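Chains here go by letter, A, B, C and D, matching the order in which they are written, and residues are numbered from 1 within each.
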Amino acid sequence: MNIAAFIGSSRTESNSELLANEVLKGINHQKIYLKDLSIQPIEDLRHTKEGFQIVEDDYEQVIKAFMENDVIIFATPIYWYSMSGLMKNMIDRLSQAIRDERYQQFKRRLQEVETIVIAVGGDEPRIKGLPLIQQFQYTFDFLNMRFSSYILGEANKPGDILKDCQALSQANLLNKKLKMLLDPEEE
Amino acid sequence: MNIAAFIGSSRTESNSELLANEVLKGINHQKIYLKDLSIQPIEDLRHTKEGFQIVEDDYEQVIKAFMENDVIIFATPIYWYSMSGLMKNMIDRLSQAIRDERYQQFKRRLQEVETIVIAVGGDEPRIKGLPLIQQFQYTFDFLNMRFSSYILGEANKPGDILKDCQALSQANLLNKKLKMLLDPEEE
Amino acid sequence: MNIAAFIGSSRTESNSELLANEVLKGINHQKIYLKDLSIQPIEDLRHTKEGFQIVEDDYEQVIKAFMENDVIIFATPIYWYSMSGLMKNMIDRLSQAIRDERYQQFKRRLQEVETIVIAVGGDEPRIKGLPLIQQFQYTFDFLNMRFSSYILGEANKPGDILKDCQALSQANLLNKKLKMLLDPEEE
Amino acid sequence: MNIAAFIGSSRTESNSELLANEVLKGINHQKIYLKDLSIQPIEDLRHTKEGFQIVEDDYEQVIKAFMENDVIIFATPIYWYSMSGLMKNMIDRLSQAIRDERYQQFKRRLQEVETIVIAVGGDEPRIKGLPLIQQFQYTFDFLNMRFSSYILGEANKPGDILKDCQALSQANLLNKKLKMLLDPEEE
C-alpha cells in the first residue's frame, strides 16, 4: 500500500504539512509540494470542438501520484475558509484529467483511492472549516473516491499546530490506523 | 455609485458571466476578466522578518477595482463545488493586500463595499453550492464587507444559464435593486 | 396530481404559511397544521426486542398526507436556524413509520413524492438557513425523495414576508411550475 | 465550577449519553434527561399584545440548569441529520425564556456559560452532522455563549459508540480539559 501527500501551502514546514507529518510518522510515503510544481489554472474547453488541449506543465506528476498511491492526503492551509489557490488549481484540473485520453485508467483508478483531508487555519477552523470539508465530500462523492477522514487543526504562527492537542490526538489515531492498514500483522 | 464585476471563468461568455450580464443589464459597469490577468498564488510571508514582498503581476488592477467601486460582483463558475482557482488566487492575495503599506486605505475601503456573488454550476448548485456561499459569508464577515445577495445558477453547456428561470428571475430583481440604488429618483 | 403542505408554525397565518400560500395560489391543495395535531416525540425502540410500539396520537394523518399526495411542501419558521420543534417531531417519527408493518407501502410511496421546502426566518435566512436546507437534502436523499426546490424567506413581524420581493418572486415562479405540472395543456 | 448535561435521547444509556459520560468521567455533574421532562413546543406569541404566556410544564428545570452551571453539554442523538425533537423543543423555548420577566438575569447569565455539543449518529455523522454543528454555532453566537467544542460520534446499535476510537479519544481529551478547569492546581 502506497501513501502520498499533496502539500498545498506556499511555506515549507507549514502547519498543515507539520500535521500531515504527524499522520505519516514512521510511515513510508511520498510528498508532492504543490508550490514547487507549475500547474496552470484549468482552461475549460469541455464544450469546444477540439476539447481539452495538452498543457505543458507539471500536472503529470499529480496524475502519477494518484495512479501510484492507495491513500492520498490533501494537506492544505485554510485560506479564506477554503483550500489554498495552489491546491484549488490542482483540483480544478481533475476535470481535464478524467477526460484525457492519455490517462484512460485514471478515472477508474481514483475509485480505489482512499482520501484524507488535513486543513489548518487560524479562525475557528473546526467551525468555519466545515464548508471546506463538505466540498471535499461532494468532490470525492462525484469521483467515487472514499473519504476516510479529515482533521481540522488550529494554528496561526508557524509551528503553532504542535500545540493543538485535539488535532495532534486525531493525527496520532490516524497514524495508528494507517500503520495497521500497511502491516495488519504487526498490531 | 460604481459597479465592477470580477469574472472568474476561463471562458468568455461563460454561464457565470452571462448571469452577471443579466444583473448588470442597462447599468454602467466595469468588468475584470481574471483569466486575462496574471495573478500569482499568494506566498505566505506573514511570519517572516521581511514580511510580504512586492509581487510583479497584475494584482494592482484588482486593488484598483476594489478602491474605485461601491458594489463588487464576484461571478464564478462552480468548479468542484467551489470558486475557480483563478478567483481563489485573487481572493487569497487579499491577505497580502490588506497588509500592504502602499495601500493603507485598502482595508478600510473594503468596509464600504457591497458584495454580490454569482455562481453557476452543473451539479445541483442550489444545494451543493451552499458551502461556497458560506465561505464567501465568512470572508466578507472577516473583512467587514456587506454581503448583499447571491445567486446560484444551474448550467452545463455554454449558454444554458439562460434557461434557468429561477436564476434569471433573481438576476432581474437584483438588476432593479441596483438601478434603484444608482438612481433613486427614477423609480 | 395532489399537493399538501405541512405547516410547522405555532401561529396561524405565520410568515411561512403566507409564503406557502403564494406558492399554492390558485392551486387545489390540502393543509396540515402541525400545531393542531398531537404528535409524540419519537421513542427510539429500533433496537428492542419488541420494536416500535403503536403510538396513540395523530400521526396517522401525517402518513395519510404522504400517501395521498404527489407534492409535499414543508413550510416552517426558522427557529434557532432550524425547523420548528413541531415539525422536527413530525420528521423524527418517520423513522418509526418506515418500519411500521401497518404501512408497508409507505417507504416505497415516499420515493414518488416531490418535496418543496419553505422556511422563513428573521436573522439572515438566506445564509444562516443553509444548514437547514442541507439537512432536508440529506433526509430526502436517505428516503429517495425528490427535493425539487426550496425558498428561504426573510421576515420578523407577522406579515413581513409579503415585503420580501425575492421570496415572493421565487414563490411566484414555483406557483407557475406547479400549475404546469397539474395541467400541462393550459400553458 | 458547575457542569450540567442535557440528554436529548428517548433512550436511557443512549450512545450520545454514553459519550457524554466519557467526557464527564470522574467529574461531578448534573444530568437533565429531556425525555423525563414535559416541555411544550413554543407558542410564538412575540408579536401579540399580551406576549408570551406562562406555560405550566417543566421548563423551569431547564432555566435552573442554565442559571446554576458554568459548562453545559448538549448531548443529542442525530435524528435526520439534526438534534432530536425533544432537544429542539427545549431550544425553541429559549426564545420565550430570554423574554420572560421572571428571569431577568437569564439572558445575561447565558453569556457566561460555556457550551459543548455531543452528537451521535449512524449515517456519516462527521460529514452529515456538520450542518447541525453550524446551527449550534449560529445559536450560541446569537446568545453570546461560548461554543468551546463539539464531538461527532458514530454509532448505530446501543453501545456502539464505545467502539468509535476517534470520538472516545476526543472525549478523553475534553475530560482532561474540564478537570483542569475544575481544579487547575492538580495537573
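We adopt the following convention: a residue touches a chain if its C-beta (ideal position, glycine included) is under 8 Å from a C-beta of that chain, and two chains touch if they have at least 3 such contacts.
Bear in mind that the values here come from a model prediction, so they are computed numbers and not experimental data.
Novice: When every step has to jump to a touching chain, what is the lowest number of steps that links chain A to chain C?
Specialist: Steps on the shortest route: 2.
Novice: Measure off the straight-line distance from the CA centroid of chain B to the CA centroid of chain C, and report it in whole Å.
Specialist: 34
Novice: Counting in whole Å, what is the centre-to-centre distance of chain A and chain B, each centre being its mean C-alpha position?
Specialist: Taking the average C-alpha coordinate of chain A and of chain B, the gap between them is 26 Å.
Novice: Could you give the separation in Å between the centres of chain B and chain D, each centre being the mean of its C-alpha atoms?
Specialist: Their C-alpha centroids are separated by 39 Å.
Novice: Using the touch definition from the top, which residues of chain C touch two or more other chains?
Specialist: 130, 134
Novice: Make each chain a node and each touching pair an edge, then name the shape: line, ring, star, complete, other.
Specialist: ring
Novice: Using the contact rule from the top, write out all pairs of chains that touch.
Specialist: Listed in label order, the chain pairs in contact are A-B, A-D, B-C, C-D.
Novice: Inside the complex, what are the residues of chain C that reach chain D?
Specialist: Touch residues, chain C against chain D: 9-11, 14, 35, 41-44, 47, 77, 79-86, 88-89, 91-92, 94-95, 123, 128, 130-132, 134-135, 138-139, 142, 157-158.
Novice: Using the touch definition from the top, list the residues of chain D that touch chain A in their complex.
Specialist: Within the complex, chain D contacts chain A at residues 126-127, 130, 133-134, 137, 147, 149-150, 165-166, 169-170, 173.
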